[in-house]
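One structure is given here, and the rest of the page talks about it.
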Amino acid sequence: MSIKENRLVESLLFSSGKPLSIEEIQETTGLPPKKVNEAIEHLMQSYNIDRKNDTSLEIVKAGNKFIMQVKKTFTDKSMMVAKPEIKTDLLKTLALIAFHQPVKQSNLRHMIGERIYADVDQLVSLHLIHSEPHGATEMLTTTRLFPEYFGIDSTKPKEIREFLSMKVIGHVVEEKQEELAKKEEDASEESDDTPVSESHMKKDE
Amino acid sequence: MSIKENRLVESLLFSSGKPLSIEEIQETTGLPPKKVNEAIEHLMQSYNIDRKNDTSLEIVKAGNKFIMQVKKTFTDKSMMVAKPEIKTDLLKTLALIAFHQPVKQSNLRHMIGERIYADVDQLVSLHLIHSEPHGATEMLTTTRLFPEYFGIDSTKPKEIREFLSMKVIGHVVEEKQEELAKKEEDASEESDDTPVSESHMKKDE
Amino acid sequence: MELDNDVINHLLFHKALIDEHNDMSRINQYLEMAKAAATGESASIENPFDRSIYLAFDLVLNQHMNPWDIDLVGFSTMYLKRAKKEKLDLLTAGKIIYMAWKVLRMQSDHLVVSMETQDLELDQGVGWEDIPTVPWLANDDEYSYTNLVMTMPQSPLDEPLRRESTRKVTLIELLSAFDEVRKESEQYQLLDQLRKEERVLLRQKARKAMRGSAHEDHLEEDVATVWERICQFPKGSLNFSDLCQVDSVEDRIKTFVSILFLAYERKITVHQRKFPYGEIFIKTIGYT
């Protein structure tokens, strides 16, 4: 019966989280290509047409591959529950490189320690930074993918730098303001002075 | 209408990849807790009961959280796209700790020998157990992550214990059945009685 | 069908032993079921779960099993076969078997016995501390569980298959990461400076103490070599014995002194679970 095969392909599309080609599905399941195609056809019919109004999921063809995903109507809310593909620590290193670029790896080691070596390896493999030999160390810069990824409207290091510092300062001020507003709420007698955020901003520039 | 809410919660459970609490779902969707609970109930009914044979996915309660995952029957094959992380021996040590908890490390050493030290280190670093100094030894308990990770519908040691006993009995019975089926096959003179293993397979379809 | 009095007696016996309310009502249910099974009222039982219970007891009765001496595995296997014919799902069947196991306290003799012998061989050097202080071995359930888990090929815990889901990082997340890393970097540089100063002091002291000894020249080199070896381990977590030639006393001392230095320099953490001869575990700081 083909029911079992449909279920198998479905479980694969679900668990992979990224588009899969017919070949990949075939390799993993050991099913002949014809069966894989039939199963996908069946699943697309079931998800996208028969049960269209009874599910928030769909199976779509992306290039030569297939993926199970959340329908567009629901993506806004559902997106944020997934974990980000770049871990926080790695993201910190990336932000540091983007700000200081072009920057020597050895300098970064002084800033954040030994973990820079592993981080650079990972960021290079994600195509987010370039690493070029530079004497005994490496010179690091962000790639073209970097601004694309974050929707930053510039490829120039200087502008990226400005963008980051401006945004961060905005961010800090916002945070501090919120904090302040809370404090003011709590102790209503407290008045105008905002020393912390200001000095903080200056230090960062 | 509640249909839309069901779809929203479904899309969240699909996207998350890790178990979500009612509070987390509520925060992301902005739905009141009652609606979230209703949606989950509806989805569990739909996935796990009404459409039981038409899907390879299920929604389970894991600790105090909920997650969508592949049914056990289909995991073996799809496992190949998403690799298992914990080796069998380590899983066994964990199964012993979970059953006997709170349990002294020294007692476990009597059960499984010296390898307990390395195993405990690994399980602690996976955040699956706590290890607290207790006199000259360590007292071991499972963490909150434990039931979430394995999709166990309870955080209470007593219920976790029952869950594990059931699993063990299940395994023993399955083994015996296979033995029996083999015997029946070998002695082929037997006529009408469907061998156990076959009927077992049919069930999964 | 005659109601087997032994079954009823057995249940009553356990009813008297069990004080928890939950189990009490459960046993009452079983008693009802057993009676139903005996009087052939099966048709009235529609709930599949109840029906499973009925079947379980039906089986005990029809096979004329002695409830005081039930072969758990034999019973379970027969029951499962029956359950399949009646199209009960395996999960319910599993539950029933488990309950039967608990309620009837069936003694799976051959399972326990075969494991008892293994357990005795486990530890040769038995000391006073080996006498269990907790009664975890005394209880049959716990004993069988432990032994079963250790002898079965799989583990009772399976890792469920979930979705590998990640999403893109948002710009806001990049910005807050930047904000955090600047603060961290400042702190790191401050600490690093302090560490460097301390290191210079330490070195001066060490030179004074070791003046004239052969170690003086090599210490730094040794530390560097050992650090290099440590860095070759991918996860940044390793054992002392992986790091040196265990049979060479000189290499052992060299490595040991070096890891003390590296720990002092906060490049690694070192811990030992069993003092004084246990394995020394080394973790590099900054990985994970």
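Note that the chains take the letters A, B and C in the order they are written out, and that residue 1 is the start of every chain.
The rule is short, and it goes like this: a contact is a pair of C-beta atoms (placed from the backbone, for glycine too) under 8 Å apart; a residue touches a chain by one contact, two chains touch by 3 or more.
Since this is a predicted model, take the numbers as computed values, not measurements.
Taken pairwise by the contact criterion, the protein chains are fully connected, each one touching every other. Of all the chains, the one whose CA centre sits at the greatest distance from that of chain A is C. Averaging Cα coordinates per chain places chain B and chain C 14 Å apart. Chain B has its Cα centroid 29 Å from the Cα centroid of chain A. Separating the centre of chain A from that of chain C, both taken as means of CA atoms, is a distance of 34 Å. Shared interface positions of chain A, defined as residues touching 2 or more other chains, are 11, 14-17, 79-80, 82-83.
Shown for chain C are the residues in touch with two or more other chains, namely 161-167. Interface residues of chain A, counted against chain C in their complex, comprise 11, 14-18, 79-80, 82-86, 88, 91-96, 98-99, 110-115, 118, 149-152, 164, 167-168, 171-172, 204.
Interface of chain A with chain B (complex): residues 1, 3-4, 7-8, 10-12, 14-17, 20, 24, 28-30, 46, 53, 55-57, 70-71, 74-75, 77-83. By the touch rule above, chain C contacts chain B in their complex via residues 73, 76-77, 80-81, 84, 89-90, 94-95, 97-98, 101-102, 111, 122-123, 129-130, 132, 134, 136, 141-142, 145-146, 148-150, 152-167, 237, 273-274, 278-279, 281. Residues of chain C that touch chain A in their complex: 161-182, 184-185, 188-189, 192, 267, 284-287.
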